[in-house]
Each structure stands twice: as structure tokens, then as C-alpha cells.
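There are two complexes below, and they share subunit A, which is joined by subunit B in the first and by subunit C in the second.
This part shows the complex of A and B:
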């Protein structure tokens, strides 16, 4: 399973970063969101740390939807999905490979969104960085575990693609709340309760989404018509 | 051996076929014939495990269950080179073939000179040959082919025939679906004829090609 996971990961990264338009569309959408929110401020004003963190995670969430639409669309050309189903390894290797590729691509996008949030929304990375990095990892993991599962549902069908966003966002709410809570602290917002509860919430939803991916992926991505 | 037991399939409320029971032995080529919409592709997909039959069962015995599928869909990634495509399928199937080995396979299908070209620049026939290279790489015990000669020129069809005969020679169970019997098709050992939702013929090819069946089905 590991070898197939790595094969899918390597192929998806090669095709996304080297052989296509890459992340351009997803990056533009996220940056547009940050920029539009920057227009809501008057001259010399800055968004509150909590609002800025919410905008950062919203940008990440929209970006993630496009990333997984793109990753699963790769298998639609020439029905490569059927070839993957015929492979002897468990089909969950595809889910895992694409989820890891999604995390890597999302982290790359966030390397652009974070400075944009700091610059356009007038923020300062004044808070503790360690919990911020932990929540970045936990939230991205959960978002991509779920995104990879629902990306399989959306593959190749225009009407289903719209379903990805509709189903994804309500399910992501706890993770986005945790990300926003700790993101606000990273931007200097004081929280007397500290990051522990948010990290616990994110870890719990990661576990749920990872388990859901392992259990449900074969039903969504199998050969049935 | 590949065995189908009372397999039936329904699309929505429309029955495609019912009560299909047959066997395809290792080291043989079985030709699955039928007109458009007879259900050949569906039956092949059921054999491959890509579609679950509405009822009945598919069994494999005496094989490792390694299935190769070659059909209208080539499973080729156009943005990868021919060699990268093969490398991906090698890793996905957990095989140990070396880079040189894959170049030799590409050479067998006449694509060695284009190994480092993107598959998106290939013609339909070349993409089909790359797909054949993928199947050769797998060395499957069960080889399912759905009109594999689509888009192939005479030389490529001859290559396909040669490779199928080799697969039969090493004991693979080959099932080949088509509308009729082309002059340069590989010689079949057994014929399955799908007609009116059932198997109209299941027997040796030699009996099938004696009149009047030949006139009725393969003119």
C-alpha cells in the first residue's frame, strides 16, 4: 500500500507542479479573498486578529476545494481511475496519496496566503508560533483527509463538483474554528484558555476524518456505476 | 481459470444479459462476440471486477488474480512521458521491473524512440500501444481486452496478435471482446456469443466457424 501511495503522491505532485497550470487558480482565489477583505478596512485601520485568522483559513478552505478537484480530475483523462482500481494494493492508497499531495500543495499555498494576510490585513505574527504550527499541521491534515474523500465523490461530474463545496464546508467548521482560534493567538490576540482545547478539538476531528477516509473511500471510488 | 456462474446485469430497469455461465481456461484465447449493446464491455468489466453483477458470481482459480485490462480507455496520463507512465503503473502494481526492462518493453511495442516524449503528443494508436506496454509490464494471469485493436494500424495489430499468442503460451487466460473476427485477429480457442441478453453460443471456435453460424454472426 505504501508503494502505491508514494506512486500516486509522486505522480500528482509532478503533474500539478511541473506539467499543468499548477496552483495558479487556487492561489488566485485565496489571494483574492484576502485582498477583498483588505478593502473593507479604512485607511490606517487593520482587521482584528480573529477576523484576519478567519480570512486566512477561509482562503485555505477555498484553495483546498480547487486542489482536490484538480487532483481527482487527473484520473479522469483516459479513465485512469479504472487502472488504479485494478491495482492489487488497497484502493485507500489513492485516498492517502492524494491527501498527502493535498497537504503539501495546501502548505505551499499557505506560504503565500500567510504573508498576504500579514501585509494586506495589517497583522503581526506576535503570538506563540509553536501552537500555530501545530494547528496548521492538524487543520491541514483534517481538511485534506476530508477533501480527499469528498474529492473522490466529486470526480469528473460537474453537478457533483458543486457538491464538494456544499458538503465540505459544514463538515470543516470545527477545524476552521480551531484554526481561527489559534491563528488569532498567533496574530497577537490574547486567549486566557490557551491553545490546548483548540488543539484537542482539531486532533479529534482529524481522527474522525482519517477513519472516515479509510472506511468510506472504497465505496466512493470503487468501480461501481 | 476464470469462471462465471449465472451472471446477470441490469442497467436501471433495462436488463443487459442474464444467466451467463461460462469458463475461460488458462493458456487459451476466448473470443467474446456480439453486436452493439449486447453487453460485451459490461461482461468484461464484470470479469475484471470493475462492475458488480446484479446477480451471479465471478471466480478465479489457479491464478494469482493479476488482471490486465486493455480497452477503449488507455489509462494513459497525457502529461507524463511514456516511460513515466510505465514507471507509475510499475510502482502502483508493486512490481520490480528496472528502467532498462521498461525500455525493453517500450521497444517491444515500437515506442522506445518516444520513451521520453509526453504521451499527450501520441496518436490514438500510439497511446494504445503504450497501453499494451502497460499490460505487458504486468504479465497478468487474466488478460481482458475490449476491442483492443481500435485505432491500430496493420503493424500494431500484428504486434497485438503476437503478444496475445505469447500470453497464451505462458498460460494466461485471454478474453477478447469484439464485434466480429478480423482476418488478422489472434486465433481463438473458444467463442462466446452474446445475443438477445444471453449466451447464444459457448463452445470451441472450430465448431463455431462451421456454417451456418459463421454466416449468421461474422459476415
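This part shows the complex of A and C:
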């Protein structure tokens, strides 16, 4: 399974990064969101740390929808999905490979969104960075575990971008709250309770949806029509 | 086939009559709350709506698991009926909650975590109903909806926990100390929950029968 996972990961990363439109559309959409929110500030004002963290995660969520649409669209041309299904390996390797590719691409995008949030929304990384990095990893993992599962669900639909967004965003709420809570602390917002509860919640989310992905992906992608 | 509609219709009628009887308990038996007065009576409607909507979503989860295990189309139709009832009841719970909030907190809506959690659940299952309306091949659609039904319910406890971490101003109604409810109020709210339960069961069962009939008609046409 690991070999197949790595093969899917390598294929998806190569195809996405080598295409001119690749990650650009998702990146531009996220950046545009950060910029549009910056317009809500008056001259000399800056957004509150919590608002800025929410904008950062909102950009990441929209970016993630486009990433998974693109990752699952790769197999739609030439019916190559059948080729993946016929590979002599567990079908879950496809889910895992695409989820890891999603995490890698999302992290790349966030490398642009984070400085954009600091610059456009007037933030300063004044809070503790270790929990912020932990929540970044945990939230991205959960988002991509679920995104990879539901990306297969929306596959083949003409309105898949909006469909995936409508189904995925409400499900991601606990993770986005966790990300926003700790993100606000990283931008200097004081929280007497600390990051422990949010980290625990994000870890629980990851555990549940990694298990759900492993169990349920075969139903969606197994070729049953 | 029309005979199949009789039991749910009887249940629905029993639920409606019980709800009518509950109005007596609400307005004449239960005492008026000291600070909120008449508006507090919304609580007797709001609580059963919220509880039965949650139970509807649990039924969607059970039906979805049953479909994934057995591939029984009837389980899928049960999910459809329960999801429709759940979205309707949670929508009404949100509306009655807003009326309560206006009187109690002075605003129509506040980002109280439990309100937010209910709204998020409403969005999740509204999205689920959207999936059910897609023009997919029937077997594929049933499979997709079953997976979505499982995933949606797995998310519900996480939504509640995240809401609790985000501190609540929502009243704890039936906590360990009874939440400050008078005995007459407890009797009234229990009666309302049971009456709504009958009504809900009749509604879901009737809708399931309708969906069964539609599937049968489409099957005979095809």
C-alpha cells in the first residue's frame, strides 16, 4: 500500500506543479480573500488577531476545495480512474496519496497566505509559535483527510466546486474554530485556557476522519456505480 | 399500498392530538417564569424540536450504516425521510431559539456556541439534502449519500465539543441540579417531548411510505 501511496503522491504532485495553472488558481483565490478582507480596515487600523486568524483559515479552506477538485480531476480525463482501481493495491492508497499531496500543496499555499495575512491585515507573530505550528499541521491533516474523501464524492459532477464547498465547509467547522483559536494566540491574543483543548479537539478530529477515510473511501471510489 | 399509510397517519394524528393537549399544560398548568414571563413558553416547543432533530440525524447515521452494509434501498429512503424531518425541525428550533434570544439577550442572534453548533448542523444536513437532489445514477447516489450520512454524524460530537470550548451563554436546561425548572415545568416539557416524538415518528414514517411508493412507481415505469 505504501508504494502505491507514494506513486499516487508523486504523480499528483508532478502533474499539479508542472501545469501552468497548477496551484496558481487556488493561491490567487486565497490571496484575493486576504486582500478583500484587508479593505474592511480603516486607515491605520488593523484587524483583530482572531479575525485575522479566521481570514487565514478561510483562505486555506477555499484553497483546499480547489486543490482537491484539481487532484480528483486528474483522473477524469481518459478514464484513468479505472487504471487506479485496477492497480493491485488497496484502493485506500489512492485516498492516502491524494490526502498527502493535498497537505503538501496546502502547506505550500499557506507559506504565501501567512505572510499575506501579516502584511495586509497588520498582524505580528507575537504569540507562542510551537502550538501554532502544531495546529497548522493537525488542521491541515484533518482538512485533507476529509477533503480527499469528499473529493471522491464530488467527482464527475459539473458543479463539483460549489458542491464540495457546501458539503465540506460545515463539516470543517470544529477544525476551523481550533485553527482560529490558536491562530489568534499566535497573533498575540491572550487566552487564559491556553492551546491544550483546541489541540486535543483537532487531534480527535484527525483521528476520526483518518479512520473514516480509510473505511469509507472504498465505497466511493471502488468502481461501484 | 394505501393501507401502508394508515399506521403513520394514526401516529401523526395521535401526535397532533397530544400536542394540542400539551397546549393546556403549557399555558395553564406550568407556571409562568418570573423574569421572562409568557415568552418562556417557547421553551416547551424549542426543546423537543431540538432533541427530535438530533434524533433524526442519528437515524440518518443508522440508515446510512445499514445501507453500506446491506445495500437495502429502503434504508436509503429512511435516511431521506429522517434528514428532511431533521432539517425542518432544526430550522424551527433555530427560529424559536431566535425568538427566545430576542427576549432573553436582547438580540435576534448571538454567536453563542450552542446556537452556532445547531446552525452548523443545519448547514451540514442541508448540504446532505442537496446531495440527494443530484442527478446521479440511483445506486451511485445512494452510496454517496450513505457515506455523507456517516461522515455528517461523526462530525456532530466534534461540533458540540468545539462549541463548548468556545464558552456558552445558553441556559443549561436539564443539568445535574435540574437547571432551575419547577416540577410542573418538568412534567410539561416531558409531555411535550413525548407528543413531539409521536408527531415526529408519524411524519418520518409517512414520508418513508411516500418515498417507497415513488420508488415503486418509478420501478414499474422503468
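In the analysis below, the second predicted complex is superposed on the first by the 221 of 225 C-alpha atoms of A that agree within 3 Å, B and C clash if a C-alpha of one lies under 4 Å from a C-alpha of the other, contacts with A are read in each partner's own complex, and residues count from 1 in each chain.
Convention: a residue touches a chain if its C-beta (ideal position, glycine included) is under 8 Å from a C-beta of that chain, and two chains touch if they have at least 3 such contacts.
Bear in mind the structure is a predicted one, so any value in this text is a computation, not a measurement.
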item	value
Subunit B versus subunit C as contact partner of A:132, first or second or both or neither	neither
First (subunit B), second (subunit C), both or neither touched by A:146	second
Subunit B versus subunit C as contact partner of A:67, first or second or both or neither	neither
First (subunit B), second (subunit C), both or neither touched by A:83	first
Partner chain in contact with A:54 - subunit B first, subunit C second, else both or neither	neither
Contacts of A:103 with subunit B and subunit C, given as first, second, both or neither	neither
First (subunit B), second (subunit C), both or neither touched by A:167	second
Partner chain in contact with A:15 - subunit B first, subunit C second, else both or neither	first
Which superposed partner A:209 touches (first subunit B, second subunit C, both, neither)	second
On subunit A, positions contacted by subunit B and by subunit C	224-225
Contacting residues of subunit C [partner subunit A, same complex]	68, 120-121, 123-124, 127-128, 130-131, 134, 137, 139-140, 143-144, 146-148, 150-152, 154-155, 158-159, 161-162, 165-166
Contact set on subunit B toward subunit A in their complex	45, 48-52, 65-67, 69, 73-80, 84, 88-89, 91-94, 118, 127, 134
Footprint of subunit C on subunit A - complex, ascending	146, 149-150, 153, 157, 163, 166-167, 169-171, 173-174, 177-178, 181, 193, 197-198, 201, 204-205, 208-209, 212, 216, 219-220, 224-225
In the complex with subunit B, residue positions of subunit A that touch it	3-4, 6-8, 10-11, 14-15, 19-20, 74, 77-80, 82-89, 223-225
